[in-house]
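First up is the structure itself, then whatever we jot down about it.
Note that the chains are named A, B, C, D, E, F, G and H in the order they appear, and that numbering of residues resets to 1 at the start of each chain.
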Amino acid sequence: MHEEIIISGFGGQGVLFAGQLLAYAGVADGLHVTWIPSYGPEMRGGTAHCEVVISSEEIGSPLTAHPTAAIILNSPSMEKYEPLVKAGGLLLLDSSLVPQGTTRHDVREIALPAKEIAAEFGMPQAANMVMVGALAAATGIVRLETLERVLKLKLGERHAGSLEANLRALRCGAVSAKESMPV
Amino acid sequence: MHEEIIISGFGGQGVLFAGQLLAYAGVADGLHVTWIPSYGPEMRGGTAHCEVVISSEEIGSPLTAHPTAAIILNSPSMEKYEPLVKAGGLLLLDSSLVPQGTTRHDVREIALPAKEIAAEFGMPQAANMVMVGALAAATGIVRLETLERVLKLKLGERHAGSLEANLRALRCGAVSAKESMPV
Amino acid sequence: MRGTITIDENRCKGCELCTAVCPKHLIHMSGSFSMRGYHPAVLQDPELACTGCLLCSTICPDSAITVYREGRAK
Amino acid sequence: MRGTITIDENRCKGCELCTAVCPKHLIHMSGSFSMRGYHPAVLQDPELACTGCLLCSTICPDSAITVYREGRAK
Amino acid sequence: MTVELWKGNEAVAEAAVRAGLQAYFGYPITPQTELLEYLAKRMAPLGRVFLQAESELAAINMVYGAACTGARVMTSSSSPGISLMQEGISYIAASGVPCVLVDMMRGGPGLGNIAPSQADYFQLVKGGGHGDYHPIVLAPASVQEAADLTYEAFDIAMKYRSVVVIAADGAIGQMMEPVEMPPMRDIPAQDLGWELTGARGRKRRLVTSIGLEPTELEQINFRVQERQALAQENEVRYTERWTDDADMVVVAFGTAARVAQSAVREAREHGLRVGLFRPISLWPFPTEQLARLSTRVKRFLVVEMNAGQMVEDVRLAVGSGADVSFFGRMGGFVPMPEEILERIEALQPVAAGS
Amino acid sequence: MTVELWKGNEAVAEAAVRAGLQAYFGYPITPQTELLEYLAKRMAPLGRVFLQAESELAAINMVYGAACTGARVMTSSSSPGISLMQEGISYIAASGVPCVLVDMMRGGPGLGNIAPSQADYFQLVKGGGHGDYHPIVLAPASVQEAADLTYEAFDIAMKYRSVVVIAADGAIGQMMEPVEMPPMRDIPAQDLGWELTGARGRKRRLVTSIGLEPTELEQINFRVQERQALAQENEVRYTERWTDDADMVVVAFGTAARVAQSAVREAREHGLRVGLFRPISLWPFPTEQLARLSTRVKRFLVVEMNAGQMVEDVRLAVGSGADVSFFGRMGGFVPMPEEILERIEALQPVAAGS
Amino acid sequence: MLTDSMAVVWQRPSSLTPLQTHYCPGCTHGVINRLVAEVIDELGIRENTIGVAAVGCSVFAYNYFDCDFAEAAHGRAPAMATGVKRVYPDRVVFTYQGDGDLASIGTAEIVHAAARGENITVIFVNNAVYGMTGGQMAPTTLPGMITTSSPLGRDTHMTGFPIRMSEMLSTLDGASYIVRRSAHDPGNINKTKKAIKTAFQAQINGLGFSMVEVLAACPVNWNMTPGDALRFVEEKMVPYYPLGDFKVAEAVKNMGL
Amino acid sequence: MLTDSMAVVWQRPSSLTPLQTHYCPGCTHGVINRLVAEVIDELGIRENTIGVAAVGCSVFAYNYFDCDFAEAAHGRAPAMATGVKRVYPDRVVFTYQGDGDLASIGTAEIVHAAARGENITVIFVNNAVYGMTGGQMAPTTLPGMITTSSPLGRDTHMTGFPIRMSEMLSTLDGASYIVRRSAHDPGNINKTKKAIKTAFQAQINGLGFSMVEVLAACPVNWNMTPGDALRFVEEKMVPYYPLGDFKVAEAVKNMGL
């Protein structure tokens, strides 16, 4: 098992936290993980991204030129990362924010209106969780239960209020991803 | 022909100039020469010294641990350099300032009351020239004529007034050295 | 004096500073994203109240605003 | 007040500053060299004029001067 | 013991705190800044010293001062900041006071960029300052190892009265990995015999790097050389993997070694008899170990994130009997496993079975 | 042409002036100070720039600024001052602007002393600053050669858009030797295509060392590497003496080489077949030339005024097929010919006749 | 509504390149960059000017000005500018530096450029933090101000007091024009521009070292909206860093600008 | 004539080691070294004091004081002292620096030590030249003064004006005691000593950064007799560098020394 995941969007969309959640879940599932954010003046442009590697083997580079999966939360990110995803890899789009679909035929695309889905629970910021849930379901790299457990742990103390909505977003993402997958 | 000469005394005794004169004469006589002064905070202590190497061969180190000749212009210098002179080497003392003679039997000692000699020409500061003249005579490393020519050149412009006394000091040193040498 | 402004949507970073300095409150933020991910400022001046006073262009950190005035060539 | 000084010949560097500050002109430079090559200062006070005023010891850069006074233990 | 995700910079900082760090002086620079920021939070509540210096130059000289007292002190920076510290490092080395220095290397030369790099190898390992000295240089390849080496670094610095450098890079500083943090240590006060504390009831002490007379300065140098010789005996660290039957070995350190390991693993899967040798101590360099290996292995590929620096030490170690190739990326690129694999395959046509 | 006695520091200064030096920035430090003092007198009457900077750090950055204009610029210092310049040198190297740097090395590490030393070899040759770069390093062994190399240094710096270092030491800086000064040159103004002059009638230009994206910075590095490769092809300098029939060769540079020559001459007189190889360019190092020599000669003795720095490059050059010994003095000692002779004799029992 | 009878009264100065800046939304660097460009335009010196960019958020300023530029090492811009200016005394040379750059690591270089009366112009942008590296404490950070390296607020007991660079540098005889302005509202922005123009003119007239300190906002690292950030400048920074002319040499006064 | 009834009223302070100094004849460093030693004696802090020597003629001061000492890199003594003091806030830490060291290469470190209100004492010996390296121009060299690097006299047009460090540093809120004294005659030497004592006492009381600038002579590099050199201090230096108290914090005044 080995996934190299890029999560990319604007600042404020919870990109970094989504990646950390995946990484924590990976650890909890007994896997090797690395997480690395964009850093330094790159942040300036208003974009944010991070790379997460989860693997059953020791991990080499925490950076990836060709992700096996990408969570794309805005159009500039789509432009940048669509061509980079590995053949056979997964493109996960928030279709509320990224209207254009992929033109590639060698990748799996799952487009979910994540922001809208999350908005249904009154928490559009939880769109990142929708995507994480979807990624987990689509790749199986970490278990949904683990994600939920870790999310409780991480949000537990300070953000208990938003926990329920985030959990629902996670689950909803997982379900939607499964639905949109060719069986 | 190869001489490694140390000249050492207090600041103000013309130690550095004496060395340069020898070096210039060496060049004029077609020899290889190096001249190097004591430098930096060492100067502080009020002492000054320089090392001159004159040789018919290319010169290795401009510094010498065991000079073949030493011109000694004060007592501290005597203490420091007397033991270092090479066996068979030459110790040239200004006996007006360095009362003690050498206790070594493996070096040639020439002790001249250089300051007094120079004072006779009304120029006690020319003691350094007495010593240089003596060294030239005793070692033959440079010719007296060359020294005189070079001295004229160097003093010529600015210090014409003192030239005559310095020339006499040179010559007098040479004569005295010859006299004091075992024939 | 009558004036108006144009705002370069590609330069505007949506900082909202111009909205605050406009004495006539003519500048508002767009609801939609620009290509660079900002909500750009737009002039809403139905009554042609803009005087071309230069306050917005002066405060704009991105030189996104060009200011025009009636009859007064620069 | 009667006083006197001693000058440590081995410390004195012959700078002559003490000679200039002594209000009684009691300090003079020796004609001979010290071991370190300086002409050291010496007190010449035949009339016991020194008051132990501390001026010489204050200006001396080498703390070469010790000052004494009559009857006054430190 | 619990495993937590730690960011490299913060893991190093926390490990230092647990190792008894008493004073930290630093200056912000990407990609090291979180280290400073973490300690800004962490030190004061423990009653320990945190101070942001006016520059790296000031920071290293504050470290120098604090180190003179025998305290456990540290500074951290990234490449350009390390260049500014070279004079200070030379002074510290000459004076024989211990300290720990972290370099989260970034792309150079010049202002360069903030991406990961290994191009400070020469400056750190050969001694980028004037005079004869080598800091002890330890290069972690993971966040866990960065924490562990930092934890040890203070004792090593004390033991050899040396500068110990943690030589990592932007990737290790910035990434999160699971870490088992070593426990908090209590550092008992001890009389080291040389530290400045005020000359109460003893003869005054002096920390200096001057030897005006060559004989004195030679003595200072002899002491430095002696301590270094001792470190060379005791502090060589490295790991080997798949080298037993290898007929070709990849040599790499730090982040480059992680990537190399992926490549070597894959090569193995392709049936190639390739091994990996990872120096952890860049100084003292595992010269003997590589030399021993080279009696058997005749092909080496050195992979670095620079134009070829450690490769010189590898060549010195294995001698001209073995063939040493180099692959490097400059400019802040972390090489990709595929690139390395390609080089391996180009150099290593012998499959395991054949 | 007349031969005059020149002090090394002043000879270097005068040679620079004659080579067209337009601007000098420096800071006093023994044993280099006379160079600065000489130019303080010499430059102003010629209408050229002399400025004493507030520090070596400022000096190298003034040099950086002046070099951006395409002017012929120089600074000089001695070991601790050179350490302070490392960041600046790295920036200059990355930006590809030419300049000349003189290092009159003194005893280190730390404040050390002011006696002659060669312990900055690593810092100068390997690149004491961060990132991948090598200055071109030229090591004179006499005052004449110091003047000659300085005279040439400016053209070399321009040609390779590189930092050129004159690597000498306190002995060469302080001593007087006979020198035939090269003639005064007129430097015609020329358009170099990159220098900053104000964007009159042309597109604006930029001198920078940034490449925020690794691809950009890699390009910068490729350019640096290309220029270096060119210098490696063209700028290797060395002298050989008595190597034709030698079965042992002493390798030394600068002042150490002078002393070694005395020792080798004496060894020859004793009938020993010893030669002398003197690298003049320390970077690019005469690697091939030594390698060629090592096909014949199997014993080398490297003599340096340090703990053993160039010896690594000699070992890299001659490979493990030859036996390389080292003799060095630290702390500001210039070795004596007798000491070297002793080592030669210990290593070289074969007399010429036998 | 733009009609045919309307004419442009303000547009991007031509000394700015068309590039979009990388500054955060609402960052005052954009304003101050522009003011410098306007002054260069108005003085007609674009082709005679060489800029020196410092390390900080404004590092890429060299991409925004349409004139020759060099990029300095962190803090060393005044030294680099000195190198340029000494070779070309008739070019207009300016540095553009942040407060971390100028008031912290580059203290020695700015003090000595001023003391030498180096005939350069310094634009000093004081936003009370290190912007580029993510908002650490600067020597100019206000007492009590929270930054990433003073998480409990700047503790003057441990870290001392902010440096008022203009006041400090104006003690130097070599400095000819040293003023502090602020960029927190249009009126002050206009005053800032006037000061920048005076500073450049002083250089052109050969009058020696000139510096304009501009109080500025770093909304991102202050964790404020751009609007709040400008209010912070006005309400907190100006009281600590009084606006005014700290040194105006007679010769500068006599320029009659 | 020394008689039995006489007692010592002044002798070498016991905080000076018996070593002979390497200073030139008539060098004021000797006087100022001694004053510091006297103050250390009088305050009884020898065993609690850690000195930091700077690079300059006073570099070997560490051999002359009978207390713990560290030797700093050129200009960095205040940073080094900061390191020592932060670890040992209850030790008395002082630096002893020349004007090349403090006002030139070490400008950033002294400014920031003062700005931080670092609780150390700085003895700043201003002799208007670089002594150690043979008399080059310092930032403190008087206009027109001939030095080995300003052979025609300091040209203010090319090299600017002397820096008055005390005045400059006293603009910093962190500094608590900054005064200038002179060592050119016994009266001024006594005042200097008093100031040094106040500075140390301020540190002992935890009041922050204190500095005593002492105008001094370098007869050798000025090419004067020691006597003439002191007259030069009085007649030329004092007018340019006025003696006085530039910053005396309330708390220092209240020490009532």
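We take it that a contact is a pair of C-beta atoms (placed from the backbone, for glycine too) under 8 Å apart; a residue touches a chain by one contact, two chains touch by 3 or more.
It should be emphasised that the depicted structure is a prediction, and the values quoted were computed from it without experimental measurement.
K.L.:
What chains touch subunit C and also subunit F?
P.N.:
Joint contacts, listed by label: G.
K.L.:
If you tally contacting C-beta pairs, which pair wins, B-F or E-H?
P.N.:
E-H
K.L.:
What whole-Å value do you get for the distance between subunit E and subunit G if each is reduced to the mean of its CA atoms?
P.N.:
Computed from C-alpha means, the inter-chain centre distance equals 39 Å.
K.L.:
Compute the distance, rounded to whole Å, between the mean C-alpha positions of subunit A and subunit E.
P.N.:
That gives a centre separation of 35 Å.
K.L.:
Using the average of all C-alpha atoms in each chain as its centre, how far is it in Å between subunit D and subunit G?
P.N.:
One centre to the other, that is 60 Å.
K.L.:
Hey, how far is the Cα centre of subunit A from the one of subunit D, in Å?
P.N.:
88
K.L.:
What positions in subunit A touch 2 or more of the other chains?
P.N.:
40-41, 45-46
K.L.:
Using the touch rule from the top of the page, what residues of subunit H touch 2 or more other chains?
P.N.:
23-25, 59, 71, 73, 104-105, 107-108, 111-112, 132-133, 139, 159
K.L.:
Hey, what residues on subunit F touch two or more of the other chains?
P.N.:
30, 51, 54-55, 57, 80, 87, 91, 95, 110-111, 114, 208-210, 212
K.L.:
Tell me, which parts of subunit G touch subunit H in their complex?
P.N.:
104-108, 111-112, 115-118, 139, 156-157, 159-164, 167-168, 171-174
K.L.:
Tell me, which parts of subunit B touch subunit F in their complex?
P.N.:
Contact set of subunit B toward subunit F: 20, 23-24, 27, 32-37, 39-41, 57-63, 65.
K.L.:
Can you list the residues on subunit D that touch subunit B in the complex?
P.N.:
13, 35-38
K.L.:
Would you mind writing out the residues of subunit F in touch with subunit E in their complex?
P.N.:
Touch list, subunit F to subunit E: 57, 79-80, 82-84, 86-87, 90-95, 105, 107-115, 117, 119-120, 122-123, 126-133, 208-222, 224-225, 306-307, 309, 312, 315-316, 319-321, 329-333.
K.L.:
Contact residues on subunit C for subunit G in the complex?
P.N.:
2-4, 6, 10-11, 13-17, 20-21, 36, 38, 45, 48, 52, 54-55, 57-63, 65-74
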